[in-house]
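Here's the structure we're looking at; comments come further down.
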């Protein structure tokens, strides 16, 4: 049985006493710390922390937790923060196109309970994956995108996401580029998988480019989507070796296994509130 | 310029408030925390912590640091502890036999300043490496070991180590088995490199065994030496791929590159006081 | 469009002229070689070869290919051989228990055409995976095994395998040990995935053993099943890093991703007739 | 004892019968093939082969080997070729600047006989490495390069290389860019190590760029030098993981271990005549 916990992520400029102040707050109200990770970037003077504590004997409850944290720690220390509760499962949407491998992998992890997440809906520009989604009881919406209807379809998607109370989005090899306007609604909450070892080979056809360049290792990169294509904060990367024997098709096949695992690791860390973002870089508390 | 710091490693049974108490101690005397890592094993209820802070504005100095830490934190919380200062470079001995690769690697890292360590002496059962050691100004002692003279030679080695104020020992492919008596003088302070992916292929000729078994990956393991052969706490492991094309000689050659890097990583973590040991397992705060 | 090819695997003791004789045979009848891989073990004097050629302009057809190969090359050179045709898809059975991850992965690769294979049936000792198998049009047979009924159930399985003309079997985390009698029916044709880096941690609960030993890397091993438990010829191995932070449950979760990929690589090589076995070791022509 | 062998590397457009013709030539004169590797790129219709055979019972000797090979195989089949003899050790020059790690590694492999190579001279734009080189009996020439004297110094280097009968050059973190004119003298015979995972981060300061981009994996790339900076045919690549905790200095330190091993693998393959180059890509017969 997993216990009920609270998770606090904070960022501030580094200065003495931060860890002591935050642990003092939790200790004062009887909280038992399960995980504590902190990172101080001494060059940039940035401070990051993730702290998770049990709520069982914690004497604050409900909205008081956030109110007291704000009053006693976050505001006095001028911190940016996110506060989550393990009892509240994040709600995730999946965007998919015609490549099945990442999508099938996500559904498998979802259905076996590997991920503590709810997936209320899938959005696609094709009908291909409808059956798989509906097999798992997930609503499927097909919104084909053309140059002409892109803004309307994105507006429709935003409505569906709001209606289903979606917190974050996973692009499981969704082959459309989202507009900056759309991306702006979900800052650091859209996770993409790019099928290359970024910053090498951004854009389309990276395996073809990799074969043409004759690289000996190919990779995949999961990152948060920003308005710059394939340039958002990197969450996770993975690689596999290739050789002169591998055709582009071989690279596509071998790359799929990397893409799936890299995307899954990124989503897992996001679900478990392990990621902080600053200046287009991530701090991932594994 | 590296700043002067203190490093405190602590272990105790887990209970609420530990991080807060320790950070409170440092904060109280004006210390600025540079690194804080903690690990709680919730199953076994064990708590591990490494904390490093700047001494520049710390109001305690010299022996007072340890005395106050003991009085205010370590004894009240029934902790085991180690306290180090960055100003005091650890003194390391290297034991070597006839395999040059790890030894040459150690000398290179030492001479280029990659490691903040002093190496006052090298002990070997052969003369082969004398010149290399002496080139770097390191004293070299040849103590050939036979079944008959083993205890005397170990006694001689212990004298030399004491005389040179050696804090820890690195076995750089030293092919002799140290007696339990010898090992007992340096608990968790003798680092060995074993040329297999332990617990597979302990003992001698692991590459031959790996070839015979037809494995597709070979490895190396650095561990603290205990009285059980190749069974001490593992610090670091690394691997490389092999195939049916690789002869035993190829594995030896490819394995050398793994051994050197795995041993170097372990020594680096040890020098930087990143390792805690409990129940034959390590906590390594990378 | 994939072209029709023949694949010849041969083994013999090494001696001069083997490649020339075999390529001469193919050349003589107008075959165009697509892939040629050979391996000579100079220590043991063993010779292995895989050669694949196009049948389009090959002037031998049907049974004449094998008859002439035997007459002109294989018998005179005292070779062991296997001859396959790309037009004939191998028929594979999957044995599964209650762990879904490898099984789901296999079904996905099967359904997307990544593997040129037919899967006529699944055999399990539980009902759990019936729906998934039947969704893909695969017959599902539940043969629960107890100490008492093991030999009858194995006989029933053998009947089903024969009836469905199964050529090889994949144990997708099938938790039963097959009897030597059963294994003897499918020599080097039963592929298992073991959830450790063999020869470390054979038998049950390898992740628990890995956590207890404090290893820094865990792995998975696919191998052909022999009558020695977890001691058959290794086809493929993979690894992932772990640390003191990983509980046994974390290792199980991280290990699943390794198991799936390692098993899939082994099956892919088997399907593509890339593997030769001698003296409990494999030659895998990647 | 290593046996005397001949090594023939050939390239031609692919067509039926090539392997048979070449193996026929060797067989006809009593040669025993030790290694045979071939690669056919079916898309581009390119054929590559490396074949190594024992000379002990080979009935051709001296110049007759090349003359007969040309007459009977290479010219009729319109092949490009290189012919080497294991009895003739390649002569290699090392160019070095002030980074010691790759250079020390090369000297170690050279001195222990890991590489079957002669190193008659080292050229550097600094005096720093003179002592190390001379310790191993290698001539050291310091040719400081400025914008003004670059062409003269390159001319001086070319003279020294010719005088020492150097066959290929290794740039062991040599920080100067060689002119196209210089490079033209050693096509596919200058091996560089670049401290990034190309094509990501070409040019200077790749570790700084990697840290700024927030990548989770860093790498190194060895390649043949062409007149395009960091864009020549890739021979080998390697990687290591990094995290938000790694500063640029940490990346430099971790990267050194990757650079050394990646460069050493490339040089090893080059020395053993395992590499063919076509269209800015390599075929490496491991």
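Going by the order they are written in, the chains are A, B, C and D; count residues from 1 in each one.
Just so it is clear, a contact is a pair of C-beta atoms (placed from the backbone, for glycine too) under 8 Å apart; a residue touches a chain by one contact, two chains touch by 3 or more.
All values reported here derive from a predicted model rather than from experimental measurement.
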Response to the item:
Computed over C-alpha atoms, the centroid farthest from that of subunit C is that of chain B
Practice prompt. Name whichever of A-D, A-B or A-C reuses the C-D interface, so over half of the contact pairs are the same residue numbers.
Written response: A-B
Practice prompt. Calculate how many whole Å lie between the centre of subunit B and the centre of subunit D, each centre taken as the average of the chain's C-alpha atoms.
Written response: 36
Practice prompt. Could you please state the distance in Å, as a whole number, between where the Cα atoms of subunit B are centred and where those of subunit C are centred?
Written response: 42
Worksheet item: Where does subunit A touch two or more other chains at once, residue-wise?
Response: 245, 286
Fill in: Interface residues, subunit C side, partner subunit D - complex
16-17, 19-20, 23-24, 26-27, 30-36, 38, 40, 42, 241
Worksheet item: How about subunit B: which of its residues touch subunit C in the complex?
Response: 39, 41, 43, 48, 197-201, 213-217, 219, 233-239, 243-245, 247, 280-284, 286
Worksheet entry | Residue numbers on subunit C that touch subunit A, as the complex places them | 100-101, 104-105, 108, 112, 114, 135, 245, 253, 257, 261, 264, 286
